[in-house]
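To start, the structure itself, in structure tokens.
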Amino acid sequence: MGEIDLSVDLGRGLRLRSPVMVASGTFAYGFDAPAVDRTGLGAVVTKGTTLRPRHGNPPVRIAETPSGMLNAIGLQNPGVDHVVQAFAPVWARWDLPVIVNVAGDAVEDYVAIARRLDGVPGIAGLELNISCPNVEAGLQFGVDARLAGRLTQAVRQATSLPLMVKLTPNVTDLVAIARAIADAGADSLSAINTLVGMKIDVRHRRPVLENQVGGLSGPAIRPLAVRAVWEVASAVSIPVVGVGGIMTTEDALEFLLAGASAVQVGTANYVRPQAAREIRDGIATHLTEHGWSSLAALPLRAPAHV
Amino acid sequence: MIATLQAARVLERSTPMGGGVELICETPLAADVHPGQFFQVAVESPGALLRRPYSAAWTDPTRGLVGFVFNVVGAGSDWLAARNAGDRIDLLGPLGRGFAIDGGRPAVCVAGGLGIAVFIGLSNALTGRGRSTTILYGARSADQLLPAARFPKTRMQLATDDGSAGHHGRVTALLSNAIVGDADIFACGPTPMLVELVRWAQRADVRLARIQVAHETPMGCGVGTCLGCALPRAGGGYMLTCQDGPCISADLVEWTRVVDAFHG
Amino acid sequence: MGEIDLSVDLGRGLRLRSPVMVASGTFAYGFDAPAVDRTGLGAVVTKGTTLRPRHGNPPVRIAETPSGMLNAIGLQNPGVDHVVQAFAPVWARWDLPVIVNVAGDAVEDYVAIARRLDGVPGIAGLELNISCPNVEAGLQFGVDARLAGRLTQAVRQATSLPLMVKLTPNVTDLVAIARAIADAGADSLSAINTLVGMKIDVRHRRPVLENQVGGLSGPAIRPLAVRAVWEVASAVSIPVVGVGGIMTTEDALEFLLAGASAVQVGTANYVRPQAAREIRDGIATHLTEHGWSSLAALPLRAPAHV
Amino acid sequence: MIATLQAARVLERSTPMGGGVELICETPLAADVHPGQFFQVAVESPGALLRRPYSAAWTDPTRGLVGFVFNVVGAGSDWLAARNAGDRIDLLGPLGRGFAIDGGRPAVCVAGGLGIAVFIGLSNALTGRGRSTTILYGARSADQLLPAARFPKTRMQLATDDGSAGHHGRVTALLSNAIVGDADIFACGPTPMLVELVRWAQRADVRLARIQVAHETPMGCGVGTCLGCALPRAGGGYMLTCQDGPCISADLVEWTRVVDAFHG
């Protein structure tokens, strides 16, 4: 049989060689990657980036929970100017798309960042983090269909870059929000961000995280993420990127079967730095074993966007 | 960073002191380790998802050996303590910055509990460079002390919480007498011990730049990608323990904002 | 020191000897309990009971996920008449409160069940399952503050039994819903029910559950449940019962520290049939070790209802 | 139900056939087991939360032994297969209904794959009652067959998918020749095999009430509290495999609604 085609089209010219990206916040800005072969990745999604630099939350910032972890990093990042000046020129020399994850407290923040990143060589696309549960205001866009749509539209007008919007699962009606974002002109959706959780240190009688609550990621949330993708992918006509608890090839395939066009690997990077590459190879093997030549054979239901 | 991922073979497991386990592992990574650096060790316990950070207690680069000394506090260390000769463990490292060991001044090492681990390798490196080395070492009780024989050519002063060996009380009580002149200070132990050391230095007018501490905090990645291991930076913001540390000059830290990440 | 007082007052005369109940759907109607010493329990909460008998969903009904399980039982139950006629008389002879978990598709269902159970000897209280994610209509009350309040009020008027209302975490604003339910006259709240999740059998290319989606329970959801209790307990002035992923004494203590007045143990019963009793004993030991004589010493924050 | 919770000690671990593991456990519960009953076995693997159901393949009540025969298909069985002599495993049981074995008619046992396990004990009980017993036994290949020596006093007819032993094909192809007269039929194996058996019986005009099947499905609790193990009941609604089964008269089941819970 012929070559396996693992490429994925996420719209507006964002074409990935592999369906396996590394998720925002789990690969920094792509530079600190010991033991990783970056060339195996579909894309790097960067840490959430804000208009001005942010120090982030005081420690303790992370805690382990059953099959998961909580984080309350608080969007520590060097700000968009540093990204443009120091990082983008390096990315421009990589043979790998870099998608900048964008966060803000107000529509104007997002718009300003999108403008600043528009047309900058080395930046392949934006992922809007409208769901970061750690910064008080971060929740507001992601949980309200109208607001999410308005934000998407404003950013859409500010940039010609491919625009992925990341859904938060901390909502009653994910599908309504997904539809509003798709209608407002997003090129793709990613689902899901972390769920808000809490851990208490019984011995010392206090929340483990200084921020009290944090975002839950890891295998624990995978069933919730798969269900989110399953429902969203059949409701919108743009590609959906699955993220949440992917540790192995089989996990990634669950998402692709559920209707995801691609996946992001997050927490797994901490455990196995080569996870994303291994999963990419595993997907290729799976396709070969079934005699399929592309990812199109995978979904259980016909995707809404075909 | 030259850190890599490797399966290491456990050569030997022993219990060098009460509550302490030592694993000797065979790995070519041994040659790259600087005293104070650590590895992210993968654990396969039901209760553990993330890797666990462990200092290389000592290395033998020619034989390709790394020693880890640790105690059992939870699921990860429990799993690690159950490894035996012949088992394989998966190491990512060496990671972070070790101690700066050049120079000729006398060295005083301050160790609390399992913090002693890192001084096996460090004291060797210091005495190997001809530096006069004293270790101040505190533990709960005499049976929990790593034998002094592991620290040849060093002077050792002990303190125990129950008075069963050395000074009856905290190791930090030994500081005033032991640190004279312009000694370099190396410290590893629970965060409250580090904080006490820094307070003592401020009172005793010892410049913080003369103190290097090994900082412990829960780690997500160990490689600078999760930003989970924040350590307050003097002047504002945060450093990353896994990149800027774990061994770090005490004057770079804003100690008033340092929390005991393990709530110890 | 004196006797440890593990008793808990859940309002309207519902006083438990122990703060550890068994959760709905994980102990059937209290009868099938091999290897269990029932006398150690604070209460039995029954399987969700509907007006008419229900067959439940076709198999496969359960699946394991990392540190959790999905279920789509579909409210299989013998109906309220059978409960009154066959079960209640036996319960009346037990030295242990039995709380009937009530489910329905419409306000009238709940009201009719509440009327039917009112004054029946052997029934100590009701827990309203307004959150069962498996029956299509089951979601509607739990995710809408206004509807949840209306339902609570209607049931409140139909019965003088102690009324616990069980919150679903599948919502954007749990606190608003909790407040509405408390204002409508509930005596206590329990939090949380399962989260909607999905698992796909990659090899056989189909959802594992015949119902496609199911409710996620077990340790995986504990951080989400602890956070729910933490937020709700400080917002309402009635007792909150913590449920979600409690396997050990330490887990239960997390909830009591977060502000729960009592806890329910669910999935853990399947793994260790004596879990609830062991946890009760563990809490007693914890109090003793700290020299405390009652549960009042535990919460990290003063409860809203004191 | 007299089921209880007990720690059992593993006396012996062996691999009686290709792809099969046998654990012999010491437990006083052995005396209470009826052929076809099962235990909920606690597993401590990272990948397993719930207990796993395993039939008692055989028991030796006088010595207090229970044998389990199983294959490795996932995290739970993988963990169980790694137990060795001296280890303890935590058993809840015996649970459910075993086979009805009284009567004097000839018995024909139909076993597919690991389904053979339960017939070690059952065939013993049947022949012990003086019943003429035939076992029809299918597996992938000859090396995956449990040796016939484990079934003394029975006649055995084999089938393998690859033809390496006995009939080349499915075990159900042996039915027509083997089942004559009014034999009682006992079946244990993958759900598709059971379905095929039932279809054959319907075609061959064999009353379903003469067939008892051991039904396998994922189990939450094993004791009737989760309602997770539903089996479609003839006439509507569901039975519980863990209470009404696992061994159940085929006429009580609505076979058109039976799904292969393991998607095998």
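Order of writing sets the chain letters: A, B, C and D. Residues in each chain are counted from 1.
The definition used in the following text is that contacts are C-beta pairs under 8 Å (C-beta built on N, C-alpha and C of every residue); 3 or more make two chains touch, one makes a residue touch a chain.
Just so we're clear, the structure is a prediction, and the values are computed from it rather than from any experiment.
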item: Chains in simultaneous contact with subunit A and subunit B; value: none
item: Minimal step count in the chain contact network, subunit A to subunit C; value: 1
item: Inter-centroid spacing, subunit C versus subunit B (mean Cα positions, whole Å); value: 46
item: Subunit B and subunit D, separation of their C-alpha mean positions in angstrom; value: 55
item: Mean-CA-position distance for subunit D and subunit C (Å); value: 36
item: Residues within subunit A bordering two or more other chains; value: 66-68, 206, 218-219
item: Subunit D, residues touching no fewer than two other chains; value: none
item: Category of the chain touch graph - line, ring, star, complete, other; value: ring
item: Chain-chain contacts as defined at top; value: A-B, A-C, B-D, C-D
item: Complex interface listing, subunit D residues touching subunit C; value: 1-5, 42, 47-51, 92, 95, 217-232, 236-238, 243, 257, 259, 261, 263
item: Touch list for subunit A against partner subunit C, complex; value: 65-68, 70, 143, 170-173, 195-200, 202, 205-207, 212-213, 216, 218-224, 226-227, 230, 245, 250, 253-254, 257-258, 300
item: Subunit B - residues contacting subunit D, complex; value: 44-46
item: Contacting residues of subunit A [partner subunit B, same complex]; value: 25-28, 32-35, 47, 55-64, 66-69, 71, 73, 76, 201, 203-204, 206, 208, 210, 218-219, 267, 269-274
